[in-house]
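Notes follow once the structure below has been shown.
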């Protein structure tokens, strides 16, 4: 996996050690495709990762992580994602990784102590309560229907979440709820830290999905008159939608990074196959139909890597622009990763559809990613609207109408006219 | 045109001034699509560009350029390419721009004085004699058939080139010829600087192509017993193929940069249309079929920008890896740019196919780019072979066979099996 | 060109004679790509076509045509379209061919005598006045703005048409205008036969477009107080929109047929190239990247042929369903034909972009077809709406909601769940 | 599901009754996606199908089928395929359906009595032993490695098959083996009817695949000194490869028909979703990003239907040409069906990836079809080779070289040249 941009020496060193750890320690321990990782195995791998100094690359050093800046997460996360269980082994998997990021940026010291420390340590898991049953918050967050009412000393939550990834195993949930204006805070959305064993929190129906990599499933979660104290507010009341952007931009980008690692793995599987397999008297990699697929996969991987790198850098210098660009990165990468795995499966022929190779399982994993984190269609809709608005602003600042066809023209531009 | 990565202040300043120059000075002077730029107009624009301090951004300052490092050419060249005649106005158009780059890196001081100085100043033009009629050098450079024979005090050239872009107006040609081993130099390819008025140099048949932006056409050039002195050798005899890489990697990348600027222009034309036009009772930009096309174009532009940026940075730190990645950048960008212009034309409906808008002309310009600078199929072939070779090396260094299906397995992984 | 469905013997015989005529007589007379066909040449070719018994295949025998039923036009028109000037040579080119079809179906005997007879004979040309400047009739016919007012003994027309293909050479125009309810006829659109030399008819601005194959250009046409007598009404007043469907369904299908012939020609050019050209030590047709492109082109051609055949048969048994399916045929074929020519050009490398081969010219011809006859986006919009409406009707007739996710489920369907 | 071509009344009647049976009887009995159909349920459904007069549409009437000619299988099989278990319920599922077809065409009366009668009746199942472990017969049938040796009174088989679809439940196998020339029969491949309980026949390792619809799995089958009598030869010894074409052309086409029915079901699921669901203030079917996906799916379905119809008709009039065209039909339809289901899943958002809807299961079913029955790449390779050979024959019969660029030309064809 040639990482083509020059990284700072310490990052490059961590990348190489992560690579070594994933390939030498994690991959030999991988369960069969589609199987759930046993808890004991996961605990062992995390211990080994800590010992190898590759654990929680994104988390601050003071909490036990490697303290890598967001700008350099991509090469590390791609190495982790080369194994489907690599990110869990390094504790940089969704949804915990995104919750760590948000707690680090927005949480109070007490909240960090209570929630962030065990989360980084791997002693607790978490979930993020955002999506709701139709017609609540889904692709359109403004439809948020779960509510918290200000009561004496805290808040009373009533609501219904679904697709709450990781909730089955979680110690706490960061719940997004609608709140009225109160005590000077505006009406809007508020994020509340809710211990999952609080009375009134109930895991509902399990959603069985085609992907498997996120431990803890995607169940419904019900909040029925759940009381949380005032200090359960993450950040400031009414700022939830703004905070959500803090989480969602990087979170969808880290998904891209991890899945891109899996795309590299899939291409390598296909290359191992085509390098060794002969068909119609040629080594398969010499057959052009294979070369077309291999080349397109390399192009998909390299362009995804480049747009992720660009977006990660931008997120650190201009969070709003970075979040907007993350729509491009997510849409492109999720489609590209899917294509790479699909082609790799195709290159492996009949073996590709069996469980002797993990490609069918990978394909199911990443298919969902084109819908999760905002469906690609929702992102494209946002991308188009931003482009139109950008150009409208330029017009307001004096840009001429480049599509104006009203001006008379004096002579023909195309050949037959010139000769007629 | 939001340049999303943070640029150093002086580069950002040059970019903004280039943008202003292109939009304020060059675009109002644009001839009709498909028309040739009159020489007087070009001279005026170049004077204005010098006055505005935006002339020859890539050329060294001591020769009259702006001295921008390769790593930062992309944002500047994209601004230039927003007008089809912008790169010529700034004297950063092919083939002169690539020849300047090579003369700067390889030429002797005397060669720089004699060829590079007037080239940068816009007092002379040049061409690069590489492609030959079939079965000579084309996609496969190893088929080089033109030859130079060592004679007393110099070399005698005999050969036949075609697609010699810019040759009609050129003062000199950098001719790629096959040479025998001589005086300790290896047999191989040698680059020779040939004044176009040397006896025996003859412009042959003109190739009429669908693109127009390169002044000086793409004619055949014949070398018939052409004598050049010893100091006409660029660099060292026998090193021509290696030098060609020095030229071709950046040259195909600058093409990407310029055409990406034109893609941005095309998208803006379409946005101006869809922002103002109503159809079926809606403003067009609100219609999803338009939004799909707009979003895909933004994704094409942003991923092209990202892979160009990555490749340019890599070319400065690792020329060989950068040259390899330039195959990815060229293939992706040339396809992406074509798609963007094609969609923009489609969004403009019937007006798009007329010469009231420049999109049909742009489409013809960039169509050829999917073939020039190595056809995309040749690049994909090279990309696939490099990927296979990379993985073969990893296998030799102990990577396990990820496609091995021979190991027995003990249980079923897929659902029906689990339940059967 | 293997026509794979069994044709009746007389049709197959005409197809073979048409093929022979096009390849033996028309192709040797083809002008250079992009050039206009001289009138004398066209007259000669038409005489030869009459002599060969292949003239006007679609026109009724009593008017001098071959009387082929619509169901079998496709194989004949494809043979004609193998040459860009073939359809004109056989007088089965747009817009005359569509106007013949409509005059034959709707015209009075007197109208047939006066307009259809010379049109089939090649003594007169025609145009169809439908499209108007924005915001008039374009993709949305309901926006029709040109009007005819009932006056004593006839109608007075005022209006402005654009993209009136063929108008420069036309003897008459079938003009689509808005009319009020009159004499029992409903308000709506009416078709009027207008001699082009009627006072008040004026050819306006010429639109210069990237396509060339339609003689007579695409000019604006102005109607300024133009009087036409009562018998100028084609069919019945107020029925114009219905008649337009009579014309447009088959007309867009015959475009598909002709262009599909050109796609076959383009593929043959590429096959001649790849069968003879060696590169990288192989005959090109053995290189997989070429094989991929060739195979995709065959698939594009065969699927286009199949959907055209199906639509043509349907148009004869169920005009409304046939017209709806013609949206599918037009969209698929126009995209497919463009891809075939684009790939063929690519397979010819540098020669493909020069005028030594006609592929660049062909590409410009067919590019416009993705916009003409209803842009593909307009057709897709209609296709989607029809599909939604069809399913809504099925729901009203008792079809269960297949997307219902509200029912409780009792057990897990996916593997990990089964094992959890 | 509008069947757009006019069918003979008795076929149309059977289609409508099949449709009614599938929707009224089979769909309400469908097990959860991915689950295996219980044998009792299958037996019940087949009894009901017999009672409804829709059982075994493709099988001859004298054996209990409906006797529909191949030309009209498509509309019936598409109705059956609207339910994933529909084809099994009607006993027209692979591999039995293809084996019935071959036994009917090639089998002796005694073989028909013994094997075809119970197969049609649903009292026995079968498998087809063709594919072998690498490097045996796979994409390249010529690599066939299993052998039968002529012995007294019969043949002794030794070989190893894999991907033997349906073998777990089969009463007999049609085994493809290599045989030497014997008794005037040529050396080559021979088909042998082997009862699965014959000594030496052994089911080996089970292949667990991502598809589920074929009952009886895809296990390895070993033949170890298996003796079969002389009358076990299907047809004539040495003709196996030719017979295989008899089976494979129609068999891959019936797969297309069945899966196309499932694609229609998937689109209907998505339409039910988009017709009822509101998002961003609109009914989803009015949102253009949805319309784009719906329209593309309709185009995919209609073009697949058309190419299947064309191929089925051709198979009856020209088996060789029909078999060649079946490569086009298989490649196009398998890609098209996959895209339709993929888009439908995407249109259903988060619900699409859960088992509340069957789309994720469908996607896994049809993914394998792009590899089964000859991978699409193998078909594309064959399609390209046939196209090249066809054109080479035309050249040998005098067709001029359309790619010849050697002739001199006298004037410029493109605009700038004309004006230069």
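Residue numbering begins at 1 within each chain, and the chains themselves are lettered A, B, C and D in the order written.
Heads up, the rule we're going with is that a residue touches a chain if its C-beta (ideal position, glycine included) is under 8 Å from a C-beta of that chain, and two chains touch if they have at least 3 such contacts.
Note that the structure is predicted; figures quoted are calculated from it, not measured.
*Asks:* Once the Cα atoms of chain C and chain D are superposed, what angle does the rotation have, between 0 and 180 degrees and to the nearest 5?
*Replies:* 180
*Asks:* Measuring centre to centre with C-alpha atoms, which chain is farthest from chain D?
*Replies:* Checked the centroid distances; the maximum from chain D is B.
*Asks:* Just how far, in Å, is the C-alpha centre of chain B from the one of chain A?
*Replies:* 35
*Asks:* What is the distance in Å between the mean C-alpha positions of chain A and chain D?
*Replies:* Once rounded, the distance between the two centres reads 38 Å.
*Asks:* Please report how many Å separate the Cα centroid of chain B from that of chain D, as a whole number.
*Replies:* Distance between chain centres: 47 Å.
*Asks:* Which positions in chain B are in touch with at least two other chains?
*Replies:* If we look for residues of chain B contacting two or more partner chains, we find 34-35, 208-210, 288-292, 354-356, 360, 380-381, 412-415, 419.
*Asks:* Residues of chain B touching chain A in their complex?
*Replies:* Touching chain A from chain B are residues 2, 4-6, 23, 32-35, 265, 267-276, 285, 288, 290-292, 294-299, 302-303, 305-307, 309-310, 313-314, 317-318, 321, 325, 328, 331-332, 348, 351, 354-357, 360-361, 379-381, 383-385, 387-388, 390-392, 394-395, 399, 401-405, 409, 411-414.
*Asks:* Considering only the defined contacts, which chain D positions touch chain A in the complex?
*Replies:* Listed in rising order, the residues are 131, 134-135, 138-140, 162-163, 207-211, 277-280, 289-290, 345-346, 349-350, 352-356, 360, 363-364, 367-368, 370-372, 375-377, 380-381, 413-415, 418-419.
*Asks:* Which residues of chain B touch chain D once you look at their complex with the stated criterion?
*Replies:* 34-36, 205-206, 208-210, 212, 287-292, 408, 412-417, 419-420
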